[in-house]
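Each chain gets a letter, A, B, C and D, in the order it is written, and its residues are counted from 1.
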């Protein structure tokens, strides 16, 4: 209309300008896991010769898997088992593990509560104070279980718990909030100065979550050892519905990986990128690496392990908001040991089991000997609608 | 086909021209709420320090919320309560409030009628004439209840009711029709001359609804104090099915906001943009502001308040067409007080409660201290399909 | 992959060329009714002053509506009624009307047959020969009923029935096949030479269906008086599934309208475009005109009239293929008189009733006084997903 | 955000570079069967005059149909029948046919097993060794049944079985793996050198499956006689979910066909392209040819024949992975003879029967006399959503 009619429209006392700049005319398209697919190339590799190991902030991981700092996913026992299998778990410093001597009783109560009671129970469980002696004890237990001690806290308590953890032998300290920025503005108090904090810490500091190239680049400039990517990655995540915020995970990983590469070019320092959230099947792990991730942090997929403290349930919020809840306890089921979830044998054909087997087989078919090569494979835009081959089609060989 | 075959096609007595200009080859893409998402940047702000206030045609609103001029949404009581909470209600000058001394009896009958009877009941209820004495009385009651007196009428009765409302103390007069244009053409009668009308009125005049840059720019040139945006914003709205008309709301807001900014650059006068329709969850409020809106007009979300005159129902048409109905009474339910809907605590995790809490938390995460900053945040194209994270995924922190 | 790897790939005995031209890299996007929406502009018009009349091959229609040449839609009675209402019906020359003295008995049998029996019954019903005396009689009856005599035949019988119809007083002869081309190639027999046929006919000849700019332009060059657009316009149409063929209707109309305009510029002759198929609701009628159509041919929407010979059913194939059926009898229901379907009052809010009321109201809201202006309104790309406003949203005024 | 804010962001010790290169910003769009449609042009052809024959690696096929090398699809009997009808079947050299003297007993057991038992049964069935004497016997039986002897093996056994098959009279040897590359890298053993293998073989060698222009071009350079296209073509195929790998079939066919044409231009040698997988209906066969395929390989559609050894079931994996299954036995049903599936009469209207009738009728409507012309027809982007014409629309003639 603008173009065709503006010439003749002249009855107001000011005529419309010929050029209109509307915000929507430069919207950037973004991509989630289901929007893309990986395309085979001119080489293939023998699956047994694929190497999926990664170095991360001083840790060497045989598999690029981190367990999320969620109470239903990580306790000392799971951390030990995951370390044995080649990955590493992140312990939540503000969850039940550091509020209770015996967190198992609390966890069992949450897992078995009726749906109607669970919000109240969660609020009550997280009202108990975090104890510094328990933080020290859990770090010692993690190391005794054969796992690196990787711990996570929100920005508000980082200055308080960071040095304590370093002193008690933690290997890596993750400062994690829903949306992490290079600059948090507050009048009422003194926000965490990240650059100062990383300089003062004697162990590596990782930060998350972000989705932005600029924010990632600036965070890297503040001395962090790794960066976590993912804000509202899944459509099921209510962050997008409640706050309108979210960047689909493939775009977020790709953008932050671009910042990592630019930062490396500029400074010679390589800050690994950890994709956090939205991955449930082998194909999604493969796509996250192909999009640029160095490692992958899994929550619910590991909450399904028989070792997981959530006993077949998961809940997202370390500190549930009393006025604006954005997550609740969901049932994920228990499908087998952590080892079977990661290395098979799979009992289902949907890709949710034998995650590492699927990742390495994908790398082999794409000709990627290691994760660095996997980050170079071709990714195409191929939204998966349920349309094609929907009925009686089966493919094989 | 055109390109590849036209060279050899030569058997008609006139050969086809080489260049074809088909209307569909320049269709502009448009965006609705579910097509976009907001992307975090390099800054975050403390939620408690966010300011969501707005000035609108001489009114100062602590929260950028208007209640729709619908009979099921606004009466004097709700207007008073909304004013107390920081927003403002718009009273329908052609609804039951100005046709009946005691509208509550009529409202109760509509709300409780059987589905089969409701169309007849609505037609009957709106057959009673609008009374000028009741208009004056409602304006006085609004002010007595502590609310500004904001009233709405269709163009056909604006010349009749406008001066009357101004004389009786109304603060803002909204001329609203389904599609508002800068120039209405009619042979049978003399249509409203808007520029003349705004000049003659002693109180500010707002106009709606439009979706077009050019129409908005020209309407602003006719002296209006605010402009309302939204024509068939929701896919559920039958205007699109019945008339084929509709511009998805994010595009409509963005275009009209662009006209506002251009008009301000050209004239120094800032005409606020009110997004009207299609918003149900906190994320949609945040996106509407980010798209360019100064304030938001809500209907059904507020019809769910225990104070709403619709008693858990809503109906869209002030004057239902007897031959082409495009809306009927629907049940929206009653979920709690107006205060809880706007400020929580939310009992659900889908974002439909604590709308202002969600908006300010979204602004904080996006680093926007006020609504002007919120209009600058990055918006991306991220259609929300139900695909990602569809089953047992949960996200938190 | 091509870009990033081809430089290093050099182990075959011929290296890959640097530039690849894949057919999919230049696919043209196309649009159906649900992909687009009409955008209001700077003008509106009084609905009562809208003129939706159209001239078509010598006929003057007060409303731009043709009834499809389907046996379940058109008989003499419906044609008379539609003529009274301002439109025109097209009688199928190869259906039951010209095979049986008393087609009503056959029609009743088809309408009431069990699903399992209907294919056999259809095959049997259309095995009876077409009788020339019945053709002449139906033409006379149409005129006696007050309707122009518009008749349709497939290309194979056009030479045989065309002159006969002209001689008995037909007003317009439509040659219609599923896909109509400017040049049909056959070795086994002599295909219809369209230019020769139109020259030899003493009444106007219309042709359909096509979807292509080039084909339409060339058909116009062969002397036709109107062109029908639509090949597999609906996703429900199995032509697309069975043959893979189909152009979404908005693109098809727009392309053929562009050919009409180019042909008019080149020759001064205006060949009206009739959109055929895929329209069920008022919004779709409005969009078809806005895309460029001069008139609209409706099948199933009119089969729902109480006057329709299909008695609440419809079937698509005049001569069902015994080996490759692509349509069958479906139940469309009977919802009211033809007048109510076209002019209301509507009993539903989905736009399927009061089609002309919806069209003229749409034109008014878009500021289009007549169909020529309606063809100039802005159309935008706005795919209608069920997402927005999906639950308790209602809009009005 | 990057654009609007990076100018002011300057508090890190390194400022962000102005240009960001994110992997997602150059994603190539890809297309599957349901994304495209074929558009009629200026010519049509008489269906009876359409020629759908193709030459393939020395074979002349009257219809461009190959039966997939799946145990549920191909045995000697079906191969004989398909040859009689004009196509050719491919026998799996590593399936039950070459492991058992009497495969029918095994096949019957698999087909009738309970769902819970089938994975174990499949694993057991394929544990028996492949016998060279049975390979020789099946080749002889194929020829005795009137069929060319086309056999398929995985790369790992190609060097062992290839010469054996050639010696016993096979006509064409297909080396097929899920993802076929021009260069397979392995340290643990000596992978198949394809160029050396094709030179050493006395019969033509075909290779598959690939989806890449570069890989296809390089494979052609290694002396192959035909190339098979398709990796995870259907959304139902779990390869995409499990491995994240897959190129929608229309894009894959188009790209490999482009490589074929470039290779032909460069070398004068024409290597036919066989589309493998994802086709179930006539429209998909037509689209595969239009995208560039020379011939089509069908699995499940033919498993529905009464002659198929799968007895109404199908399973994809010749050698099911014990740790990462990506397919299982599905029920496809038995709908009629192979002849009826290919040549009709169809009993359904969805295009899944009379596949060749549909293909030739599609070619006729598109004006394509032969497959070479069919590869030139216009293809448009027209995603088939269930929206248009969804309710009571029917189209015909």
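Following the convention adopted for this analysis, a residue touches a chain if its C-beta (ideal position, glycine included) is under 8 Å from a C-beta of that chain, and two chains touch if they have at least 3 such contacts.
Source: prediction; values computed, not measured.
Novice: With one step meaning two chains touch, work out the least steps from chain B to chain C.
Specialist: Each step joins two touching chains, and the minimum needed here is 1.
Novice: When chain A meets its copy chain B, do both sides use mostly the same residue numbers (more than half shared) or mostly different ones?
Specialist: Different: when the shared numbers are divided by all numbers used, the fraction is under half.
Novice: Based on the averaged CA atom positions, which chain is farthest from chain B?
Specialist: D
Novice: Approximately how many whole Å separate the CA-defined centres of chain B and chain D?
Specialist: Chain centroid spacing, chain B to chain D, equals 53 Å.
Novice: Suppose each chain is reduced to the average of its Cα coordinates; what separation in Å results between chain C and chain D?
Specialist: The computed centroid separation for chain C versus chain D comes out at 37 Å.
Novice: Enumerate the residues of chain B that touch no fewer than two other chains.
Specialist: 1, 5, 9, 30, 39, 41-42, 182-183, 212, 214, 218, 251, 378, 384
Novice: Which part of chain B faces chain C closely enough to touch in the complex?
Specialist: Touching chain C from chain B are residues 1-2, 5-6, 9, 11-14, 16-17, 20-25, 27-30, 32-34, 69-70, 154, 176-189, 191, 209-212, 214-215, 218, 230-249, 251, 277-278, 280, 299-300, 304, 314-318, 322-328, 330-333, 383-384.
Novice: Flag every residue of chain B that touches chain A in the complex, lowest number first.
Specialist: Against chain A, the touching part of chain B is residues 30-31, 36-46, 48-49, 182-183, 195, 212-214, 217-222, 250-251, 254-255, 257-259, 262-263, 266-267, 281-287, 290-292, 343-346, 348-351, 354, 357-358, 361-362, 365-367, 369, 378-382, 384-397.
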